[in-house]
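Read from first to last, the chains carry the letters A, B, C and D; within each, the first residue is number 1.
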Amino acid sequence: MSARTIWRCWGALMVLLALTTASAFLPLGTANLFISLGIAVTKALLVLFIFMELRASNALVRVFAAAGFFWLLIMIALTSADYTHRTDQRVPVDEVP
Amino acid sequence: MQGFPIWPARAGAYAGTLDFLYICLLVLAFLTAGLVIFLLIFFAAKYRHGSNAMRGGPSVKTWRWEVGWTTASLLIFFGLAVWGASIYLKLYNPPPNALQIFVVGKQWMWKAQHPGGQREINELHVPAGQDVRLVLASQDVIHSFYVPALRIKQDAVPGRYETMWFRADKVGRYHLFCAEYCGTDHAHMGGWLTVMRPRDYGDWLRAAGGQQTLAAQGEQLFRRYGCSGCHEPGGTVRAPQLEGVFGSPVPLSDGSVVIADERYIRDSILNPKAQVAAGYQPVMPTFDGQISEDDLAKLVAYIESIGPNSGRGAR
Amino acid sequence: MHAPHRESYLSAGIGLRSWLLTTDHKRIALLYFASITFFFSIGGIAATLIRLELITPQGDLGSPDFYNRLFTMHGVIMVWFFLIPSIPTTMGNFVIPLMIGARDLAFPRLNLLSWYLYIAGGLITVTALLLGGVDTGWTFYEPYSTFYATGYVILTIFGIFVAGFSSILTGLNFIVTVHKLRGPGMTWYRLPVFVWSTYATSLILVLATPVLAMTLLMLLAERVLHVGIFSPQLGGDPLLFQHMFWFYSHPAVYIMILPSMGVISEIVPCFARKSLFGYEFVVWCSIAIAAIGFLVWGHHMFVAGQSLYASLAFSFLSYLVAVPSAIKVFNWTATLHEGWIRFDAPMLYAFGFIGLFTIGGLTGLFLAALPIDVHVTDTYFVVAHFHYIMVGGAVMGYFAGLHYWWPKITGRYYPEYWARFAAILAFFGFNLTFFPQFILGYLGMPRRYQSYPPEFQIWHVLSSAGASILAVGYALPLFYLLWSILKGNRAPANPWGATGLEWSTRSPPPPENFPATPTVVRGPYQYDRGKPCMQAGHV
Amino acid sequence: MSEQALGVQYATPGQEREAVTLGMWAFLATEVLFFGALIAAYFNYRMWFGGEFIAAARMTKVVLGTINTGVLLTSSACMAMAVSSYEAGSRRSPVLWLGATALLGVAFVVIKGIEYSLEYREHLVPALNFDLARHGGVAEIFFMFYFCATGFHALHLLIGIGLVTWLAIWIGTGRIDRTGSTTRLIGLYWHFVDIVWIFLFPLIYLAGRNG
């Protein structure tokens, strides 16, 4: 990994940081959350692939790098299956859109 | 010791529905386990070391068997999942116009309050042949309201209302348990569910002294806690009028809409700033820690009594 | 064949130091054996007292608080200090490097550190339990465990937290070992099923345990600092604790059962003298169980107040996870077809395992059906179900493996007839103990009750009677196995006619495992008309 | 591990390198779920409590948080430079880059400390001096998460600073085994701590700024 790559990656990270902070102040409702999470994922991928050299790693290492995040997504998805539907618990099912 | 009981009492038609599913599962389980155990024993005997059984016949294609039993298990399991879910959905949706009873769990007793204001502890009297809806709360830890004869159970979680409903058909006395471990006297937290003929239930209600209905007691509390100062016409602060609100949709200040059910009313008393009705300021103080679960139940009953079905709140 | 004059890992050093500072996977396995036996005995004593109490409907053996502490102690010790580490840390540690043709695990010093963490966590927890115990149940449900429980909650949880690191490091060690240290010729499809299932277990250990660690830390923070996280009294949601707890604790059930399934998959082909039916299906079922096992935790919360949608999804997924388990049972049974079956003690335990696991798995189908779960959750039906899986399954597998590899580990035969007797005793004792509990559960007997309505008594009496038989069945091996270390007949390298690499080195193995690195030339479990074809090309 | 000769269980240095790398990534997967449990809890409470929870996030110090994110990202770049120059065979330059990494790490911790002290003054620290009447119970739960998440992150960072300092000394004094993977592994760990922060930053500091 060359110094040039590293500092270009650093530059990209700084730009993304500025973008995410600025975007957070725009009144976009829930879209703000998804924008900031999208930028966070991009930043994390930059760090993973360039600084942590996943670019040059074999498939096995990449699978293990992804596994933790994948299992975290499972946890968030299935817990939110509960939380997103909690409030309408006692609304009759056929009336729920 | 009293013999070898196998089946719990059936206090209602639902118990029969569930027992039928259970029996079908039992048959399936006995057939499957029987097949596996029979094959184990059969193979063990036939192909024991030193037996003269024929071996090494034409080899069976493995994958055919694998695909066969995988598909069979999948189909049967999905059928069971759908069957179970369809019964559960009925269990989940209380019928309208059910008799509503508040039940509060606390270490280590169940306290019930009937709509007429009658209270009882570790006993629950209900009329036969009538839908009953329980609103469960807990004052301390998680409890679980369990009547095996009805085949129903629901945790009472502190901080929120849970509901369950049932319809008992058979007059009798049935065990009532706490099924979620709750501390020292967990095993003693329970008593009896008494299912009575409707007329007897009426007699019992009178004898138990319904001094005042739950809603009437709630109306007094509504004044004592000062709710009426804002929530009645001519109040000092602009606050939503509560007549006709119960059971109807309430638009909130964040744009969403909730149904004003028991849980919403309760949450609004304890944590008024969480779900503010659209068009109002979040000025109501919290009553968290100042109102007992018993009193909350009365307030909710009062607000329900001035709901759209009461006649008073009809618009 | 035996050669006592040659050095084995046992004779490579005899001082206490040579054991406590060893990095040899085989010696660390023995350290685990000793400590796990200790914790199993403590948990077993608690279980005995529980069954003694429940003979009569009244509470007569101590106060209700004493009973609550008993079942908490039984659960905590058995789950975290016996079942979870049992097979991976003992047999896994001992045979995995041997099975794949390696000199040791990838990180031997980490392996020793894991044992120290385990023993430290275990001693902390046992201390807490002996000082006065905890009355939360092993599930530590909120808000009971924060503000209502008495006793040494903090110390107990801290012990479990420490032992969690042992789990994580053990899992990590196995994962790297299986990936990177397989000997020449040992391809993935030549790996014995035990290696596959321990690998699947390790994935769960690594991915689930940290969630438990964080959950317990938050519970500790709440209890110590009195600041709300889960407790509704402070504004939190107790169901979040249940979600996070079961995200670990349901996969933990598969941590217990998967290695046991691996052991059975070794023993059945070996004593049937026939290759394992559907090898590829069995190994991928292990991986599928590990993966789908993460998606089903909400079936512990059907009556807890989670949303309807979550319950429906979790019910459906719970049925899905039953499929690979069913496939395994069918494959083991089909393996017996046209075999040359012998009935040595490991095989008897394996038969017991298949029968009991089948019953445990089938009753899981009852519990996955939503309305039935509503009726029987938190009753003895659930107690019986998970004991069929964890005791009938995992512990039977543990004893099966223990007998199977005993000649390899010690170089001595155990007394065969005593062992068969113990296996049969345990099987019948087990069924008598736990089958009545299914009936009790459907009758509506809630769990964690010190006293109960008298009409339930007959089933409790039968259960306690069974428990006394079971206790003898589990205590017997302790005596005859210890006896066999000193007096047992010497065992050759391959006493059972098995095919794995571990059987091509001496019994007990030399410190370096193999005099020369073996080359693997074929898959596991190959038999030519009942004669084993060894996996190793040469030794 | 790597400052010694090849372990007996390995056949070649390449095998050892692959093994320790895989081990590190498996460990990081564990760490993802350790922090992930907290983040999952955060998401669920954010859904459950709604507005009040998000509003509490506005009390965090967004300027300091943004600066700190920049500091940490820069430290990661320095760490990458250290690994890259180390693997190129240099001795002086990795020591300098590691020094810069550690210094930036310390700067992060100092800024974090300033934030904590500001929050202390505003009575935002649960268990110590949280002003329930002023901020409300939901805000207290938010700040409990805030302190848990940033606290565990800071703990990881302190461990990282220790490792980086130790590594700099070993490289500088020439005591390190050049065939080993230690430098790369510590690099991976440092970057991982950075990634945790990349996710904590928008969840903690940027939530609720749009209203």
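Operating definition for what follows: a residue touches a chain if its C-beta (ideal position, glycine included) is under 8 Å from a C-beta of that chain, and two chains touch if they have at least 3 such contacts.
These figures come from a predicted structure and were not determined experimentally.
Central chain (C-alpha centroid nearest the global protein C-alpha centroid): C. Across every pairing of chains, the maximum count of C-beta contacts belongs to B-C. Centre-to-centre separation of chain B and chain D, using mean CA positions: 45 Å.
The distance from the centre of chain A to the centre of chain B, with each centre set as the mean of the Cα atoms, comes to 38 Å.
Work out the mean CA point of chain C and of chain D, and you get 35 Å between them. Taken residue by residue, chain A touches two or more other chains at 60, 67-68, 71, 75, 79, 82-84, 86, 89, 93, whereas all remaining positions touch fewer. Contact of a single residue of chain D with at least two other chains is seen at positions 22, 26, 29-31, 33, 36-37, 40, 44, 48, 137-138.
Chain B has residues 89, 92, 271 in contact with two or more other chains. Across the complex, chain C is touched by residues 1-8, 18, 21-22, 25, 28-29, 32-33, 36-37, 39-40, 43-44, 47-50, 53-57, 62, 65-66, 69-70, 73-74, 77-78, 80-81, 83-85, 87-89, 91-92, 107, 140-142, 144, 146, 148-149, 151-155, 157-160, 162, 175, 177-188, 271 of chain B. Residues 179, 203, 207, 211, 239-240, 243, 247, 294-295, 297-298, 305-310, 313-314 of chain C touch chain A in their complex. Those residues of chain D lying in contact with chain C across their complex are 1, 7-10, 15, 18-19, 22-23, 26-27, 29-31, 33-38, 40-41, 44-45, 48, 126-127, 130, 137-138, 140-141, 144-145, 148.
If you check the complex, the residues on chain C that touch chain D are 97, 102-109, 168, 171-173, 175-176, 179-181, 206-211, 213-215, 217-218, 221, 225-229, 234-237, 240, 243-244, 247, 512. Note for the complex: chain C touches chain B at residues 59, 64-65, 68, 135, 137, 141, 143-144, 148-149, 232-233, 235, 237-239, 272-273, 277-278, 281, 303-305, 308, 311-312, 315-316, 319-320, 322-323, 326-327, 329-331, 333-334, 336-343, 351, 354-355, 358-359, 362-363, 365-366, 368-372, 374-375, 377-379, 439, 442-444, 446-459, 461, 529-530.
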